[in-house]
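All chains are identified by letter, namely A, B, C, D and E, in their written order; residue positions are counted from 1 within each chain.
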Amino acid sequence: MAELIDLVLLAMLALTALRIIFLKDLFAVVMLFGIYSFLSALIFINLDAVDVAFTEASVGAGISTVLMLGTLALTGRKEKKNSHSSLLPLLVVTVTGAALIYGTLDMPPFGDPDNPVHQHVAPRYIEESPQEIGLPNMVTSVLASYRAFDTLGEVVVVFAAAIGVLALLGIRRKKDSDLESGLKEHKVLHVIAKIVIPHVILFALYVQFHGDFGPGGGFQAGVIAAAAFILYALVFGLPNTLAVASPKFLQWMASFGVLLYAGVGLVSMIKGGQFLDYNKLAADPIAGQHYGIIIIELGVGITVFAVMLSIFYAFSSQAERSNVQ
Amino acid sequence: MTEVLAAACIAILVVMAIALARAFKAPTVYDRILGVNMFGTKTVLFIAAVGFLMGRPDFLDIAIVYALINFIGMVAVLRFFEYTAPAE
Amino acid sequence: MFEQHLAALPVLLPLIAAPITLILGRSLLSWGFATLVSGCAFVVSIQLLAAALSDGVLSYALGGWPPPWGIELRVDAVNAFVLLAVSAISTLVLIYSKDSIEKEVEKSKHSLFYTAHLLCLAGLSGILITGDAFNLFVFLEVSSLATYTLVSLASDRRCLTAAFRYLVMGTIGATFILIGVGLLYMKTGTLNMLDLASRIELYDSNRTINTGLAFIVVGIGIKMALFPLHMWLPPAYTHAPSAVTAFLSSTATKVAVYVMIRFIFTIFGIDHVFEKMGMDIILMALAVVAIFKCSYMATVQSNVKTVFAYSSVAQVGYMILGLSLVSVTGLMAGVLHVFNHALMKGALFMAVGAVFYRVGSVDIKAFNGLGRQMPLTMAAFTIAGLSIIGVPLTVGFVSKWYLVTGALEQDNWVVAALVLAASLLAVVYIGRILEAAYFKKLPDNVDPNTVKEAPPLMLAPMWVLVLANIYFGIDTSLTTEAASSAAEWLFPSGDTHSVSNVQEMSK
Amino acid sequence: MFILDIVSSILLIAGVFFGFSGAVGLFKFPDFFTRVHAASVTDSIAAILVISGLLLQTSFDLNTAKLVFILLFLMITSPTASHALAKSARHGGLLTLAEAKTENKGADDKQEQAH
Amino acid sequence: MNFILDYYNYWVVVFLMMAGFYIVISANNLVKKIVGLNVFQTSVFMLYISMGKVSGGTAPILVEGVTQYSNPLPHVLILTAIVVGVAVTAVGLSLIVRIKRAYGTVEENEFEHKDDAI
């Protein structure tokens, strides 16, 4: 059954990718990219990667698509005719693809439990992480403890993206904040958004703190919380949102999240362990792991929330600016 | 019961495929959005059903996220049309 | 406590300092703080190099999890040596950039500039010291994102398209590396570099692993601007702010060269890469073409920054040529050139930036008559330029010497002759600029009083690098010792004999 | 238990049927406003039926609550989205089939007059 | 037949990767390039997730009575990679916005003509 679903989803993905190549309407391209992202998230669910699916759905289909639409609003929707010859790219792609297909020929079979991937490092995560870390979600255990340094790097990447977007676009606060913006004419949307947004934030908190037991964690929670604010900004206009969470405050929050994460590492260094060694955080190693993971997930959540919202602000303030002119 | 669930999953997949076809080729841009929206809502149902089919229904969180993102995506699209003329 | 965590500090210091710099906000304050942190990282990396040379290798298990389950930081002579160059250049460039970016970057973006610089330093240090293949990818992206930002901060609009092209190429490169690491992981089940090495050895010429190797080499090739994949580099280096160009040209591509060395020598093993797959022929051919094509391109450019951008691509060719010789001497020449080239290109781009600071242009015509107006800057430029050519008593000579010796050891006369011939091209492109500076008159429409010597905070780091060029060109013992122990470290079965011979010859 | 399964199956099948009919309507109906009607009405009923069918499979725990939450969420947002889309299309100048016909007619009349 | 069943997943994923890669290198419009980059990366993520799957296994979250779990390590890696992907996308898109403002176009061949070479 899983194989059948897998096959159907892969076929849909292939068609979507082909359609994206040939479409000239960039708006449609972005919509199809959203679908592509959704579909790949379905594949991830089908292949048991629920945490990944969670992230891909909220990031790929959510944040990326919204940002792409924001860019399109500023750059125009139509792709002009391509004067490049498509022969050379096709050649490059064929060669690369052929190399990869050649590489697949010695691959271990799909899904075989005897594959080297499942034999060497991973068994310890599966068999011992429930005792060593004490959490049912192995992905969270590996992400936040065994490979916590990767995750710190990931948070720093997000932070770097915020620096990049701020340096490039900046966030302009308009003087005349009574400017027409938001979806003023859609009264129904206003009512519904008011009902939905608090629940979304509540859900984000649930994802943040339930990530140890089910799919979710700081990153997904940050994105969902940012999505709630984005919804607010889309419906009620940017100036209203800026009044709730100011750009300066978000910058401060983004830095704070990174520092919180690194701070856990420093504390464990002071207590005599290695960087990010949570065992030293409390007398009982398992409790130490719990404290460590909760705090760093919080740091991740705070940074991701602040950065995603800042990036959205930057794009949105550009769009409103050009709209006025 | 599993058979019914499996059949339902497949059927939802088919509906998704039809919606996808609408998103690929549509007479107006609004039809395209309609197709995308329908695809999104059916995906939510699909995830819910597949969770029960695989015996791990605790993944409904993902369905919630899908529903949420689908809605925000729709609002973003509408907002997008405030800036650009939607003429095809 | 300090000693225990020495290996982690070079990456942790800038990484933690970056968000603090953003909070500090004010231009002067964030400059001081960033410079201080970078200086600390430099001090740490000196100690690391000393420790690595005496103890061999420092391993640091992050989170207390033993590798391969956790992430390991691993410092040995190779990366400690490159790390020293990176942190030194970073500190000098930060001192230099206070005045330089005043002119080239908007005032409101200064603290973002310093934050991005620290992030870039953190990323590069992370790439250097990590012992985990996937962690390397993460830090590669940290440094790349910061780099795109830095490049796009210039005031000329062309920096935007250059940064975009860099972003697309860089991301393709990173994704190729991701694919390659994935294929390796698929066959071995591990991500730790040493563990990977021991498990790759078990396979004798496996198609999946060979494909993984190919993807990793192409991916890194993009990142370090290996010849046919270098198209992003000249525009990026030309249009970035001068301080950024000075920093990137002497660190970013060099770190990529290090990654290449690490993957080929430590992870795959030279038997696999060179003997079974014949990669040395390909790399050598590409390196030779790169040296000639790009040296030639450098001679026909009118923008001086572009000249040196192409020259950088050519110099990467020298490094790859060194390691494609597959000998301890060749590898040593490559590693040595990584360090030496950082010294010369850093000084050159700083001098060019100083010219831009005063004249407002880096076209070759703008250099007319500057020998008289900016004597100190142009003297620094001249010495660094001579070093690029490879004149004795400069570091450029030392690395070329070892390169030629490495080639002659294998009786490879052709390569040795080509290296010398390429130096003539360098004479041409450096000579054109020196001619303009010393033998042409200042244009009449320029007021001689406005074009004066660069401010001291720009001159000081420039001259530190120039003096280093001369010092390490005369007293080669320090760098050659580090480079040769690095090369021997990488060559498990290398014969140490030939290196000591070479050292005697050079004296 | 057995009865619950049967009821649940019936609900699921009915839900899928409505979803399918909506998808067909997406292609078969003549103009955009009828298509949006087909899609949005069936979307809601399919969601209600399928999720009710799944609700009967749960053992009244956290999953039940989540399912109910999804149902409520879809019930609120899906019609809103359709409504806003239709409204947006109306503002964007899209006409119903009947209006398009009269408009065309008007245009034709004018052309004839011009002749 | 077995051979195909063992590998079909990887082959389709390779096809998807190459479709994305093709969009990146052939597109003239910068927004489309970024979309292509995303398609490319998403497909690489699928390669990783495919190798983590164990037939008959289930998601790596501990439940009673299950012994066979899929491999959590690729999931962790891809979580990180997705975040990296969105970071690059955000910076790339903001570059596009600036390019549009500076050049008035986002078609690669058009702004190439507006400046001298290099």
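Basically, a contact is a pair of C-beta atoms (placed from the backbone, for glycine too) under 8 Å apart; a residue touches a chain by one contact, two chains touch by 3 or more.
All values derive from a computational prediction rather than experimental measurement.
J.: In the chain contact graph, what is the shortest path length, in steps, from chain B to chain C?
T.: Step count on the best path from chain B to chain C: 2.
J.: What are the chains that chain C and chain D both touch?
T.: A
J.: Please flag the chain sitting at the greatest distance from chain C, going by CA centroids.
T.: Farthest by centroid: D.
J.: Looking at chain pairs B-E and A-C, which one is connected by more C-beta pairs in contact?
T.: A-C
J.: Report the inter-centroid distance (CA atoms only) between chain A and chain E in whole Å.
T.: 13
J.: Where the centres are mean C-alpha positions, what is the separation of chain D from chain E, in Å?
T.: Taking the mean C-alpha position of each chain, the two centres sit 32 Å apart.
J.: When the centre of a chain is set as the mean of its C-alpha atoms, what distance in Å lies between chain A and chain D?
T.: 30
J.: Identify all positions of chain E at which a residue touches two or more other chains, and write them in rising order.
T.: 17, 21, 30, 51, 58-59, 61, 63, 73-74, 77, 80, 84, 87-88, 91, 95-96, 98
J.: Please list all residues of chain C that touch 2 or more other chains.
T.: 134, 138, 141, 145, 148-149, 152, 179, 185-186, 191, in rising order.
J.: What are the residue numbers in chain B that touch two or more other chains?
T.: Only 33, 54, 58-59, 61, 64, 68, 71, 75, 78 qualify.
J.: Chain pairs in touch?
T.: The complete list of chain pairs in contact reads A-B, A-C, A-D, A-E, B-D, B-E, C-E.
J.: Per the contact definition, I'd like the list of chain D residues that touch chain A in the complex.
T.: 73, 76-77, 80, 83-84, 87, 91
J.: Along chain A, where are the residues that touch chain C in the complex?
T.: Interface residues on chain A, with respect to chain C: 99-100, 102-108, 115-122, 124-125, 145-150, 152-154, 156-157, 159-161, 163-164, 166-168, 170, 251-252, 254-256, 258-259, 262, 265-266, 269-270, 273-280.
J.: Spell out the residues on chain A that touch chain D in their complex, using ranges where they run on.
T.: Touch list, chain A to chain D: 183, 185-186, 188-189, 192, 195-196, 199.
J.: For the complex, give me every residue of chain A touching chain E.
T.: Chain A residues touching chain E: 3, 6-7, 10-11, 13-14, 17-18, 20-21, 26, 29-30, 33, 36-37, 40, 43-44, 47-52, 55-56, 59-60, 63-64, 67-68, 70-72, 74-76, 79-80, 82-84, 86, 89-90, 92-94, 96-97, 100-101, 104, 107-113, 115, 117-118, 121-122, 125-126, 130, 136-139, 141-143, 147, 150-151, 153-154, 157-158, 160-161, 164-165, 168-169, 213-215, 219, 304, 311, 314-315, 318.
J.: Which residues of chain C touch chain A in the complex?
T.: For chain C paired with chain A, touching residues are 1, 5, 8, 12, 15-16, 18-20, 22-23, 60-65, 68-71, 108-109, 112-113, 115-116, 119, 122-123, 126, 132, 134-135, 138-139, 141-142, 145-146, 148-149, 152-153, 179, 183, 185-191, 199, 206-212, 214-215.
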